[in-house]
Amino acid sequence: MDFSLTREQQETVGRARRVALECLEPRAAGYDESASHPWESWNGLWQSGFLAVGVPTEYGGTWVDMPTYVMVIETLAQGCTSSAMTLHMHSVVQMYVDALANENQKRRYYAEVVEGGKLFGSWGSEPDSRGGSGIPRGTSIAPADGGYVIDGQKHFCTMAGAAHRYMVHCTMQGYDGLAGYQLALVPSDAEGIQISGEWDTLGMRATVSPSVSFEECLVDGDCLLGEPGVALETGVGLSFGLGYAAVYIGAAQRALDLTVEYCQTHRFAPDPKLLSHSLVVQRAVAEMTTALQGARLVLYESAGRWHDADAARRMVLTSCAKYLATQAALMVTSRCLQTAGGRSAHKSMPLERLFRDVRTATLMPPNADRALEVVGRAELGVSDEPSQPGR
Amino acid sequence: MDFSLTREQQETVGRARRVALECLEPRAAGYDESASHPWESWNGLWQSGFLAVGVPTEYGGTWVDMPTYVMVIETLAQGCTSSAMTLHMHSVVQMYVDALANENQKRRYYAEVVEGGKLFGSWGSEPDSRGGSGIPRGTSIAPADGGYVIDGQKHFCTMAGAAHRYMVHCTMQGYDGLAGYQLALVPSDAEGIQISGEWDTLGMRATVSPSVSFEECLVDGDCLLGEPGVALETGVGLSFGLGYAAVYIGAAQRALDLTVEYCQTHRFAPDPKLLSHSLVVQRAVAEMTTALQGARLVLYESAGRWHDADAARRMVLTSCAKYLATQAALMVTSRCLQTAGGRSAHKSMPLERLFRDVRTATLMPPNADRALEVVGRAELGVSDEPSQPGR
Amino acid sequence: MDFSLTREQQETVGRARRVALECLEPRAAGYDESASHPWESWNGLWQSGFLAVGVPTEYGGTWVDMPTYVMVIETLAQGCTSSAMTLHMHSVVQMYVDALANENQKRRYYAEVVEGGKLFGSWGSEPDSRGGSGIPRGTSIAPADGGYVIDGQKHFCTMAGAAHRYMVHCTMQGYDGLAGYQLALVPSDAEGIQISGEWDTLGMRATVSPSVSFEECLVDGDCLLGEPGVALETGVGLSFGLGYAAVYIGAAQRALDLTVEYCQTHRFAPDPKLLSHSLVVQRAVAEMTTALQGARLVLYESAGRWHDADAARRMVLTSCAKYLATQAALMVTSRCLQTAGGRSAHKSMPLERLFRDVRTATLMPPNADRALEVVGRAELGVSDEPSQPGR
Amino acid sequence: MDFSLTREQQETVGRARRVALECLEPRAAGYDESASHPWESWNGLWQSGFLAVGVPTEYGGTWVDMPTYVMVIETLAQGCTSSAMTLHMHSVVQMYVDALANENQKRRYYAEVVEGGKLFGSWGSEPDSRGGSGIPRGTSIAPADGGYVIDGQKHFCTMAGAAHRYMVHCTMQGYDGLAGYQLALVPSDAEGIQISGEWDTLGMRATVSPSVSFEECLVDGDCLLGEPGVALETGVGLSFGLGYAAVYIGAAQRALDLTVEYCQTHRFAPDPKLLSHSLVVQRAVAEMTTALQGARLVLYESAGRWHDADAARRMVLTSCAKYLATQAALMVTSRCLQTAGGRSAHKSMPLERLFRDVRTATLMPPNADRALEVVGRAELGVSDEPSQPGR
């Protein structure tokens, strides 16, 4: 066992920290307020190489292993939760491309990212599903003249109107259930895409994730990633949860750092001492620090075991990490407000934004309840049908 | 012991419920978004008699006893947290008037409320204080030609620019510490009042509580409530905490009711059943219901024991109630979002507003840490100097 | 609403307090160590009239209403958790007699209690059941020459070998499921009763609850309480949970009182002050006090609403009370040890016994998980089949 | 970062597991019941080499690095909490010998362990101290004819009457405060040692830790470890907390494993399924598993950073580990009883012993409150006087 970072990891994380604090954080409040796409932050991520962190080096990417990846996402989230989240989604699409695409597709898509600074979205949610574990039965893809047509409706379509391509989770006509699971990388300028929903939420506002409908949306056959059904077997999608956990921990760590700083520099009458000298503040900071560190190490361990784990094991690794990160980050961001006090609820301080972001982001699938069930079943060796995702 | 309401209490609470749902709730989202004074809601409270709920009946008021009062505030908070909070602050000012004002003052001030529908604010916080338990040493009042002049700065000045009079907590020149504690009912159109701070916060946005500075603000001697130092002895200010607790419980109950309703009407694939049939949802609802009920009964008990309690006892009663209400309401509003899921974080649903309101309002003094200390010291019979409020 | 006790309630509770502290508590450690029947404590309860607290006054009993009853049990549990628990079980049997027995039975059974100081047990658990909500299908009762014969095995047979009569939960031969539910008051000297199991547990040791087998145990037909199936309709059994909650709260309150006393009288170097002056101790005491008070008021409210509630409502009332009492008592007894420190884990101090008793007693049905499900389903208006008790 | 064990670590931990399950666990219940020294278990630890795990290899020991050490203690605690705890205390004494003893002392003491299978105790607590962080001012050591005399009283003297030598924490006559801190390795057969207190506690009963008084106890000058005051500078004593954390986690893990096993093999009517198929059980197991894993990784990280950390940093590392292990182990052992149900409270199952052991052992210094303060102050950069240990 070794808890120290390699020199390369230190360098990469250090670079992410600079981008987070210098490029992302100064813009985060503005994007939050307007609930708009973080264009400038994405540009900064491109310039610093992080947009290609999921692209293999042989295609010009800056690919890193999973432990380094979650540290990068965690660190970037300290600057802007929404930017880190969109980068993560985009990066998982790159991992899907690596696992499923043919050589031509890889060359084309990866070049769009590396040279063009383009973003890729991933749309799975549907109006009548939740929990993220279902079949995309509300969105069909079917062979047609000139390629394939997609019909259906998607919810929570992050980067709608901003990403260059949307990875749409569909079911191939003529297949049953999961056997028909098909990913299609739809160009954002394809016909028949209608952004239909509003986007005005509690937090994660700069992820801009409205509803989108597809009506006879014609795409080139070359947009399809792999054969029907194979996407699930790759287990790539399970890494969504690892990155989510990293985002929560990063955001909560930033809230804690700001709170510590606040307590080191503020005093209130009649107590002549700084807040940092208050036992109540010390206890709160300690409870937050230790909870966050426990969650962080479990995340790193899950990432460290990722490469050698099969899909069933990855499901458990991602659930452990996401559950603990959820609990720790919710507790930390709420207690930071409590500790710093009423003035910290003003929008001129970042704490309230981090609080809203964490409460919102932790609702993403698999949610805490689903994660608990996965871990519990694995520990108990129960392998029959899980309960319904609705649970 | 008897847990049933009198017929009169039932009637009053029933009326409050109608006002909450018909008048307050439809406007709450709008006032929240614009962070503006809830004029129409206040008007509704006036029309329905609740603006005078702290005014004795002999002056035309609709005065009720403390248990009924907290039920009214709790019920109104189900419609609009901010409106209920401002009504509560206004009502505590009326209680101060009852305890401290002379006959002439009572006639004038009460008429302004009963006949004029005017609101009264109460401003105690200062830039270098927090916890609400300190001496208002940053705001002085001194005799001058034509009355008294007030100088100083106040923070969190709820209803600034909207209330008819502001009850300003000052220290009388020439007195030491708490002996100089002086309340002054400053007309909102007095010279030398400058609303200086911005107001853009996480929640409780319609309480509009910016910073205000007083510079040689001249007021008539008739504005002073009682002699220096007597205001504290009345123990009236301790009822602030009871009303806060009522606001938290009301807001959290509304969030829970909406969540129950949501779960009774929504289902998500692949589970064919309504969310309400999920064991996870049932457990969450039960944990929220029982926590809220425990906090509510402690609040009612504190209110029931209020009349016969001395100031020291009231300090404990208010702290117990506020602490439990804080914990329950924070837990409930966060878990409601968890239970209803990602769609409930949209601003088109009231859950996220109630969540923001509760996290913000519970920071008001005495905060949870201060309340714990008060209760603990009382139980342990420790009567020497408490620790600093900054804790 | 009124939170004060009537003069009669004050008197009754005051009397219970004296019995608890003077008669029960001095013997509690001894009975715990030997895991033996608390004969002397039972005698004290008889002498003071509490053995007949469930017997109507017209039969010479000291019957009290449900709110007074739970206060009595709570108060007695402060002296000896096991004695209070056995008294409660015995008293519920008296309530069953009231609801189901004919005049002759009442006269006979009640006289045994009032004049003879006899105890009655209630045995429902079976080897392959748990949660207490099932059908006693492992224990049959069938007509036979000279009466009825009982066959089967029972677990957790409190007061086995000490009670005068055992109320055995059986299924009447020839009936299906709950329709055959039959209570029989078996004399302890009946043939065919074999106390077969050991009794050596973590806590509640003086409840002496081994396993018992019935083999062709012949009883007089006069031992049967009511017709098959009617016992459940009475809803009497639902009051078990109320008394359990009272026991937990009483035990936890005693632990808290002892801890407060300890902190008021002990100091440790290098701190020259008493423990009671420590902020950490004050906060712990406050968290325990408020949690216990919330649970207590919910228990009192449930007891207050008992009389007018139907069986479905009683199920919810008892579940709310038992759930909150469980959570509060587990937290309080564990934190009392934490607060008083290592020396309080010695058996020469009662804290560790109360800690063991609460952890053990709270496992009794309906356990916390079952209680949550009941409350949640009621709040959500879900009335179809509950999940399995095994949950 | 690397979360896998070296081959040597795997081998050592594997050996510890065999000793735990084959030698320690079968005897644990007996030693617990009689509250007697675990002689046979100690013999097994000697035979398997673990008694010398703190003895350098050049003296015939089986010394391992700190990460391996905590894994060994954690693993042994799965078999018998008390045996693992006494081995840990004994091993810290060996580490003190390594840091402070001269060559002659090392040869003699280490031989007693390696060849003789002798145990060493460490006694620091005193009647009027707690928290373990104070000066042993109640126990003096002074030069005298033929060596030194020790006078004073010690509490919680683990292995009294069984260990071969007791490392007594004293203050050297003529020195002030911590400057006089002196460790003396007193032979158990020295004159003037009186085991005076009873030992009958909630848990950790086989650690047999009564009170002991020293009256003119004469020891050879060769018994002293180092000069006055130097023992503290070594920082060796801070490793007590790491081992404690390992004991808690080991005990809790064993409780969890037994609970999982129970749920995999038991079913209760009317549910036809095994408990392991219950969603409530699955959630409970998952919450326990993840909490334990977070605490474990923080412990491993603290152990991993130990070697290069200075005393101030070690204080934080040990506090983080002990705090999280305390919280996780208390929660896990209590919930295991809840999950397995009433039958698991019987002494014939090990769960209740593990529950008692963990509640008792976690009271050892630094307790959770002290640990929180240490971590909080470090995070906040507060370096002036800490609050009194009494807190």
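Read from first to last, the chains carry the letters A, B, C and D; within each, the first residue is number 1.
What we mean here is this: contacts are C-beta pairs under 8 Å (C-beta built on N, C-alpha and C of every residue); 3 or more make two chains touch, one makes a residue touch a chain.
The shown structure was predicted, so the numbers you read here are calculated from the model rather than taken from an experiment.
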Furthest chain, CA centroid comparison against chain A: C
Result of counting contacting C-beta pairs for A-C and A-B, higher pair: A-B
Interchain centroid distance [CA atoms averaged], chain A/chain B, Å: 39
Centre-to-centre distance between chain C and chain A (centres being mean Cα positions), rounded to whole Å: 51
Residues within chain A bordering two or more other chains: 279-281, 283, 369, 391
Chain C contact footprint on chain A (complex, rising order): 279-280, 283
Contacting residues of chain D [partner chain C, same complex]: 125-126, 128-131, 134-135, 137, 155-156, 198, 200-203, 267-271, 273, 275, 278-281, 330, 334, 337-338, 341-343, 345-348, 352, 355-356, 359-360, 362-364, 367-369, 388-391
Residues of chain B defined as touching chain C within the complex: 1-5, 9, 67, 260, 263-264, 276-277, 279, 281-287, 289-291, 293-295, 297-298, 300-301, 304-305, 319-320, 323-324, 369, 371-377, 379-382, 384, 387, 391
